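As written, the chains take the letters A, B, C, D, E and F, and residue 1 is the first residue of each chain.
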Amino acid sequence: MAWQWFHRLGSPRWFYQKTSVWMPWLALASVLLIGVGSVWGLGFAPEDAKQGNSYRIIYIHVPAAFLALAGYYIMAISGAIGLIWKMKLSFVVMRAAAPIGAVLTFIALFTGAVWGKPTWGTYWVWDARITSMLILLFLYIGVIALARAFSREQVADKACALLALVGTVNIPIIYKSVDWWFTLHQPATIKLTEKSSIDPSMFYPLLIMIIGFYCFYAWTLIAHTREKILQREWRTNWVQQLMQGESITTESKEG
Amino acid sequence: MSSPETTAQSFAPAARTVPGFAPLFRSELLLALRRRADIANPLLFFVTVLALLPIGVGPEPELLARLAPGMIWVVALLATLLSQESLFRADFEDGSLEQLALTPQPLYFAVLAKVSVHWLVTGLPLALLSPLLGMMLNLPDDGYLSLFLSLLLGTASLSLIGAVGAALTVALRRAGLLLALIVMPLYVPVLIFGTGAVQAAVDGYAYGPQLAILAALLAAGTALAPLAAAGAIRISLDN
Amino acid sequence: MSSPETTAQSFAPAARTVPGFAPLFRSELLLALRRRADIANPLLFFVTVLALLPIGVGPEPELLARLAPGMIWVVALLATLLSQESLFRADFEDGSLEQLALTPQPLYFAVLAKVSVHWLVTGLPLALLSPLLGMMLNLPDDGYLSLFLSLLLGTASLSLIGAVGAALTVALRRAGLLLALIVMPLYVPVLIFGTGAVQAAVDGYAYGPQLAILAALLAAGTALAPLAAAGAIRISLDN
Amino acid sequence: MQFQFESLAAFLHMDGHGPFVWAAYGVTFLALAAMALQPRLQRRRLKKELERQQRIEARRRAVEGRQSKAAEPA
Amino acid sequence: MMAPKSLPAPSLRVRQLSCERDGRVLFAGLDFDLGPGQALQIEGANGAGKTTLLRTLIGSATDHRGDISWNGRAFPAGLQELRSHLLYIGHGAGVRRGLTPLENLAWYGASRDDAMRALEQVDLFGFEDSLCQQLSAGQNRRVALARLFLPAAPPLWILDEPLAALDVAGVSGLQGQMACHLSRGGSILFTSHQPVALAGLCTLNLSEFTSSALAAFDQEGADVLA
Amino acid sequence: MMAPKSLPAPSLRVRQLSCERDGRVLFAGLDFDLGPGQALQIEGANGAGKTTLLRTLIGSATDHRGDISWNGRAFPAGLQELRSHLLYIGHGAGVRRGLTPLENLAWYGASRDDAMRALEQVDLFGFEDSLCQQLSAGQNRRVALARLFLPAAPPLWILDEPLAALDVAGVSGLQGQMACHLSRGGSILFTSHQPVALAGLCTLNLSEFTSSALAAFDQEGADVLA
């Protein structure tokens, strides 16, 4: 029984058909949550005593940073599943997760840098967490660049999964060593705000944003996966029927 | 060169069966764009090495600001250099380089086409990205424009000089580091005037003269380097 | 694995027709020594780039002394990295790598043989040469021993980690910079503890802990990296 | 819970932090939108590619037909 | 031809094999057996999939459906055992260009004497100490083929275009060695565009299996595994 | 065969040619002529020096003695002119693996229509838009040979093992094109280990010129010039 379920879940076709139902709901949830959270955070949450209005960046910075890190593990785990059980679908998920994770990492870095200017007076400092985040971006980019370099998808899949796994083994070491490096070089004058003092009126929108980002992540990951499935399976009958059906409906609409 | 009167009428002169500058340039660009990842690589190398640097020497902003012009230039130089190892490699291995050398046209244009495309996909993006790296390394505000301009001119010279080295080493199997050795000393003038321009700008002086010298180096390079590279290719092919 | 009873008597088991660790190591070393220039190249690269550095950042002795540990380490890292692009390349192209992969023995030992030879001809000479470079860059006297020891341990880890990247990119045509991109983030811990050891020594602290961590990284690397590289080779061969 | 700013201008200005906040939100939403739209673009590209493949297939069949016809009388 | 000494003898058995590249099915429904003392020549037009077939059988290409078994053990379990009885020479001949012919054979585990004798048999006498990168195309091919002349050669030979780049003398020498291998109970699977003179040789034309390729498209169960 | 239209016709003339590699003389005293409408096959054992001979004639290898002239003009002056009438395909076929067959031909200056027609003639129809690195060994060879099928092909063809890796259909197609080229007054010099069916084909066995190689060794006067 369990095996059958596993096999069904591993079938790209089954996945494609099943997720068709979820997609609109996920989209709706993420748009609503992110919309409400942004409006709340930008306009209705109270001003921070020390940082003024610039702290409103937190509502996108922190969710993006959370998901950037989580995204790497999602990518590596699905890659590992693909390597171990040779499951097509999980390779596709891994490949879809890489660019999304990279974009989220970029967002975290960008918003952090923009936040740094009003608070620290500079866009960039080589602080431990920031440096680790930059290295995480490089890890993502490495996976993406490797994937692009291969002409055969199956080889690219396995190579990327292996690289992601090696990266996963390294991430804790990298984080620890960067922390150690930073304490070695006695931090300059920079201090982040103490987060313990965050007020509930500031915290609720943050929570909403975090949940919203998770929904959005799930939605885009599934959407990218579905698209990649079609690309890979385009020779099979079900995809050709699907595409034909679509083009017929669009044609009839247009005509 | 070709003397059609002695040839049987039905044959076109061979010159028509070999590509001129425009088609060469086009197919080089096509190859480069098809391998878009290859374009990104020197850039990413540039960023990654510059990110390792503070990890190596420590994160103190003043120190980094002091280092920024020199380091950005040295790493840009390395990125250009390393991306040039493969400039003629694939063509050499599959025999296209020999085919080019067999044509009656001078190799000059073929080399120029390759170098131009190389600069378009390597030097230009490096120059465009340099302000970002300057920011990350705390470069003082006055330095950005001179950094950009000096890299724009300088990387073109670097590409030209590197092509000579790449042509000399194309017949060797593991040329990567050998290329670096041959070419690096030739890079020194470019490096000196490039960092000189940025340093002058940071210190508040005029940096026009340095840029002028870089431009002069570029002009000389455009005239001479492809000639030298063409000669080097012919030497490499005679193996 | 092999079941001789079902095989015709006259045939030796294939296992005897494929090399074990010792012959692999020997022929690798032979190849490396035959191309002595390749050994010199990373070394010369190391020296040349470090010589370019003062041209880029200026010749002030205190500044150079301040930079020395970090810069020597970063450049050693680059030299190791760039010399690794060709680690499996020639074998891949002529089919020997496929022949190795077809043997019933694990690829682990073949990778280990290659990496050991690579370290012998790259990392070891780099470490031996490092005091000279330290002197040129004004490294304080206390730093030399730690620089040598940390490079000795560290470059071995770098070779191991780099082998994974080299195996992943062996089937690709222009892998040089891609390799750098993939591998460089993984080098970060080694770089940090390597420079940390030298910095600690220069500042007058004990650097034993850092060396111990480097040794631990090396041990973990020796156990895991050849495995990962072997897997990567099998992946690359299926093309 | 109430709107924290007196006017729209104040909201946009945010005591001088406006450019930073808006740049951060702007870039973020642009990036998110790009990610959300990418599958659509890919779908369109896939459709074009499929049509191209079908054209090639049709042409290949046509030529094979011609060749087999040419082969028969010979 | 020799009868198999025991069942299941060291024999290769292929049933309903179909291979694909990038999703395009190259051939389908391929059946053949290869026992001791037997040789099989794979024919087919350029691009028919001969190289792909050989690489599938040695486990280097993985995009296939159907059953392959060696000594009665199905793949992938049988693959390890097959490899331990295998000598494969592909398009890329596995000759290290920076080593001499002698060192190349030593790399494959041959003793010096065996290697010298094998090199003599492929007419490379006098070249055993030149670097392979200084040999001609055909001489490089001969270095690779010298492995077939080593006394410790394994029973199953899989050769991709062994005759390519060889001159007339080289071809006949190789044919002689192949006949000798068959007579001692080995088996050979090879591709060649040239005719090969070998007693009892069977041929298999891949092009005949291409037409049915389209039928194999829409198998649902198999699409889970990569 | 066609008589040369005018004297000196586009013809190749080789007198007392000897080539060496690394100081070892490969062959010596080679004489031959190749005029319009003529084809010459160079034979010889592996390592006899066929590739070296062809590369000498096109000016890519320079270690030789003796006289070569094209259209009555001696080398090196005649070399430029020879090259402007030359189509050379060597062991390395000059196919750029990152381009498609169509783009490869465009690189050689062919228009799209010409290229399509040439590709159809070498049976690469349907592969014109695949990258060459995804083609089989023989298909890659066909891309290189498609240059012979372009309408603007120059008169002198020098081909190193053109039949290698080709299947039977490919070989006969190529022979047809070679015959056609001869009939329109072109000339062909090629090496091959396989027999080639071509009317009026002359052959030249390099191995016959190897024996006298030692005699050519100790010419004192010639080694003053490097």
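Everything that follows uses one rule, which is that a contact is a pair of C-beta atoms (placed from the backbone, for glycine too) under 8 Å apart; a residue touches a chain by one contact, two chains touch by 3 or more.
Given the structure is predicted, the values throughout are model-derived calculations rather than measurements.
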Message: Under the document's definition of touching, what chains do chain A and chain E have as common neighbours?
response: C, F
- prompt: Chain by chain, through touching neighbours only, how many steps does the shortest route from chain D to chain E take?
  reply: 2
Message: Between B-F and A-C, which chain pair is linked by the larger number of C-beta contacts?
response: B-F
Field: Gap in Å, rounded to a whole number, between the CA centres of chain B and chain A
entry: 36
Message: Need the CA-centroid distance for the pair chain A / chain D, whole Å please.
response: 18
Task: Indicate the whole-number Å distance between the mean C-alpha point of chain E and the mean C-alpha point of chain F.
output: 31
- prompt: Once you find the CA centre of chain B and the CA centre of chain C, what distance in Å lies between them?
  reply: 28
- prompt: When you check chain F against every other chain, which residues touch at least two of them?
  reply: 91, 97-98, 134
Statement: By the touch definition above, chain B meets two or more other chains at residues 35, 37, 41, 44, 48, 55, 58, 90, 173
- request: Would you please write down the residue numbers of chain D that are in contact with two or more other chains?
  value: none
Message: So in the complex, the part of chain E that touches chain F is made up of which residues?
response: 21-22, 44-47, 51, 91, 123, 127, 134-139, 141-142, 161, 164-171, 193-194
Query: Mind pulling up the chain C residues that touch chain B in the complex?
result: 35, 37-38, 41-42, 44-45, 48-49, 52-53, 55-58, 63, 66-67, 69-71, 73-74, 77-79, 82-83, 85-86, 89-90, 173-174, 176-178, 180-181, 184-185, 187-188, 191-192, 195, 199
Field: Footprint of chain B on chain A - complex, ascending
entry: 122-127, 131, 134-135, 138, 141, 145, 148-149, 178, 181-182, 185, 188
- line: Counting only contacts in the complex, chain E reaches chain C at residues 5-6, 8-10, 36, 58-62, 71, 80-81, 83-88, 90-99, 103, 106-110, 147, 150-155, 184-186
Query: Which of the residues in chain C end up touching chain A in this complex?
result: 164, 168-169, 171-172, 175, 178, 181-182, 184-186, 188-189, 192-193, 196, 199, 217, 224, 228, 231-232, 235-236, 238-239
